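Look for chain A in each of the two complexes below; its partner is chain B in the first and chain C in the second.
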Partner chain A sequence: MSSNLYVTALFGILWREILRFVKQRERFIASLVRPLVWLLVFAAGFRAALGVSIIPPYETYITYEVYITPGLIGMIQLFNGMQNSLSMVYDREMGSMRILLVTPLPRWYLLLCRLLSATVVSILQVYTFLLVAWFFDIQMPVMGYVWLLPALIVSGLMLGAVGLLISSAIKQLENFAGIMNFVIFPMFFLSSALYPLWKMQESSELLFRICSVNPFTHAVELIRHALYGKFDGLSLAVTAGSLVFFLVLAVYGYNPARGFVKRMGS
Partner chain B sequence: MFKNISRAVLLSSSLLIAAGSTANAYTVYISNEKDNTISVIDGHSLEVTKTMEVGERPRGITLSKDYSKLFICASDSDTVQVMDLATGKILHDLPSGDDPEQFSLHPDNRRLFIANEDDNIVTVVDTESRTVIAQVDVGVEPEGMAISPDGKIAVNTSETTNMVHWIDTETYQLIDNTLVDQRPRHVEFNKEGTVLWASAEIGGTVSIFDTATRIEKKKISFNIKGIHKDRIQPVGVKLTSDGKYAFVALGPANHIAVVDANTFEVKDYLLVGRRVWHMAFSPDEKRMFTTNGVSGDVSVVDIPSMKVIKSIKVGRYPWGAVVKP
Partner chain C sequence: MTSNASLDVFDLSFAYGKKRALDNVSFSVENGCFTALLGPNGAGKTTLYALITQLFESRQGGIKICGFDLKSQRKEALTRLGVVFQQPTLDLDLSVTQNLHYFASLHGLSASEANKRISRELERLDMLERKDEQVRSLNGGHRRRVEIVRALLHEPQLLLLDEPTVGLDVPTRRDIVNHIHALCQEKGIAALWATHLIDEVQLDDAVIVLHQGAIKAKGLGREIVEQAQTSDLASAYEIFTRRAS
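Let's turn to the complex of A and B:
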């Protein structure tokens, strides 16, 4: 088997996902509208016009809109990971996954391609979101947009891997709504996306601890620091560690001989 | 040959470094009202390099024209202290009268005009002979103090009388009193001395006077989305010497208003620390330092980009700021 085949498969899957993303206008708009509604409506309602206290990586006072921007970037990637997971389940139900799986390539590689393509799509969404936010006066340091890219790759892969793992465990499309409630919401709300963790600690030590171990918190902090040209080693370690953990589980889950897929009998 | 080249490279690079550092080499002095100290900030690293003990409740501070001395209103010590900046030692005290709050050094580099908040007077002190030259009766609770660039007029504001008092610096007589909005805190002349800006803390406005006629030519009010009007309390005013901008510190609104100094239109509001009162420019006027009393820090504004780039922790209740080139 030549390495050419691997490249062809990667680009094939990537191209399909990008096409799917671009062609489905509703999905493109929805992916943009969701964080923008949060930014322009929710954040406006909670607007701390008097400034949010200084915590790293910030060096001065910031408005609430600026604070939640990295959290919303995380949200875009989280939703995109789930969307990818949803379409995997859909592909499985519709049979198009079988076509993919007949290729003589290892299954883990196909999953990885799928994960990479989902991450690329999420990065396109994030930069579009940031472009719109720029016009609403939410502007980061210029170099921050460059430093953001590697952080987005790691966080995007990690959140995509969570999606893969979920899709490997889901039998039917109908079960998906439950997953949204039990995975996306707790992950998003129990994190530093919407409020600084010290604020959480003031109201509940337990919630603070849950937030501190949530990998989504670390993905958001990694993004937040990168936007200001700073490096947060702990967040990178936790995000990368979680990526490996979820990916290994997902590959196991998709293994027809052992994984969750076998138990489903599909 | 090689030695010569490397020496030349070394020399030129060290010259470059020296040139680069002099452009940024300036020092910011901040008076901390509650700590009885002066914080020293390095203009290049934007870090506090030293904290010096001074008299009680230091508020207004100003530099001598040759930048060798720092005058400090030690309000609760009822004195103006003179600090030698080379050594950081207090040289002597000046007979300022009770509770000095703000003051202004005359362009002659000798006479200091001091507002005595509790006594309703302006005291004029000769800084060389260390004697009181004159005392001028003004309104209740005098605070703001400014002297026109030509040195002919001294202006004082009284917080309770709500007036701007115009004083002749030769005769020490009041020339005129003009009404402004409630609780005038600070006055500032433009570089040419043709206009005077006066902030009114409770009134929430800034009045701009024509110096020649002493008639108010414009009154500015402020409006920040999401912040109640009552919190918008203008105090410090700073004007750039190119005549383009005026900056107004809005106290508990935690913002600095950026005003077009020609059209008097408010262009922007910059978010800084809590209860911002006074400001100082770097020598090139590319940076501005604001004292944020309640949050105990100094915010640094980059003027070309009009962005707040950093907030530096200083002592408790920073009040006044000056910059030494």
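Let's turn to the complex of A and C:
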């Protein structure tokens, strides 16, 4: 019964997230349109301005669209992590999170289930995006799509954990927009998503160093290497380490006796 | 502390910073008993519920559900607890059945067992024909019924209801109050019903009057009336909550 409870609950939470995602069509469309606009409009315009030299994992010259595809995959997962975070804050304000918290499951497990569900949803978004990109001739090696999956799990969990941590620290829904701007934009622009880090180094050593320690950079590089069947050990280590770090803080934050939730009145 | 109690709250205190919300509160809810927790807004009812449902944790005092300590035997305690919160907690985008299946899964019920219980409980509240409707399309009374069905799916021994009839019309309120009374009698479930609406409480119900974070009176409704030396519960409630102000 005990292990059954854990498995049934995991699938229940996962199924609810998928249903919600499918039913909220605007969210589904927005999650696709955002990276596609970057890919088909921004990249087309930027292609001429930015030449990409041959850097690992690439073995030949590539178009700019191909370069930013892993960054946009990271962007999908980053937005999804924040969307999940927003939905956690909303659930808490509206009360539906209480239903989750009065179940006989440990709180850390419930958070883990929410995190896994959000990651699965982000992976569905990524593969839909790649399918559309395929029709616009932005294609990766076939096996890359398979190798991508484990990388997406790690990067999706890490970015989801960032979202969980934020949701545990936010008191009210109104504060969320500001936090989104202070997290999403710096994480995205201070990374290797849109430009190789050596380009950044040419402009500013300080920015280069910030980009180098940004966990999002490593998530993007993990994805980039996986798409070409390559393994980037450093990126995996940083992404997985960041996942553990953010998750532990989020679990702490959701503990009513110690964490950030304690500060909230009812 | 009584041995046949579904809920035991003992010496419970809680403060928001320096503001004391509950002060040394102790009471029991007997098995199969409908207990009304009466108190005006700000009396501490919601804080008490937040502590029983583990949204907050108190360092002073304790709570036992069916004999299981909420801190050290959390799983055993929460398995026996069903809750209807004051705020609506259904997912508006999902159907009635989808909402209920989600909750059933959180208690480890298999799909077939969940189906059986969902049909049985919806039928009991005349909601079976609405099982495939989106919650968004239901009125307030129907949503409340779905929440009651949800709280009963895992067959709890203690049902907590936090002002569940707020915003509902009189006939719907009466139906829900009667339904919970019937559940206590027929199934032996204990119910703790928080309210400030005195007409929802009957003279034979156990009553706890909470005001300014402390218990001002407890006993059967008719005993409370006697204690206050008045003719009805409404006057007794007024006396206990006025006297303390």
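Keep this in mind: the second predicted complex is superposed on the first by the 259 of 266 C-alpha atoms of A that agree within 3 Å, B and C clash if a C-alpha of one lies under 4 Å from a C-alpha of the other, contacts with A are read in each partner's own complex, and residues count from 1 in each chain.
Just so it is clear, contacts are C-beta pairs under 8 Å (C-beta built on N, C-alpha and C of every residue); 3 or more make two chains touch, one makes a residue touch a chain.
Being a predicted model, the structure only gives us computed values, none of them experimental.
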Have a look at where A:61 lands relative to chain B and chain C in the superposition and call it first, second, both or neither. first
Between chain B and chain C, which one contacts more residues of chain A in the superposed model? C
Which partner does A:5 reach: the first (chain B), the second (chain C), both, or neither? second
Chain A positions touched by chain B in one structure and by chain C in the second: none
Note: in the complex, chain A contacts chain B through residues 47, 49-51, 54, 59-63
Mind pulling up the chain C residues that touch chain A in the complex? 16, 46-47, 50, 53-57, 74-76, 78-79, 81, 83, 85-91, 93-94, 98, 101-110, 150
Touching residues on chain A, where the partner in the complex is chain C: 1, 4-6, 8-9, 11-13, 15-16, 19-20, 23-24, 94-96, 98-106, 256-257, 261-262, 265-266
Please output the residues of chain B touching chain A within their complex, sorted ascending. 224-227, 253-254, 271-274, 295, 299-300, 308-311
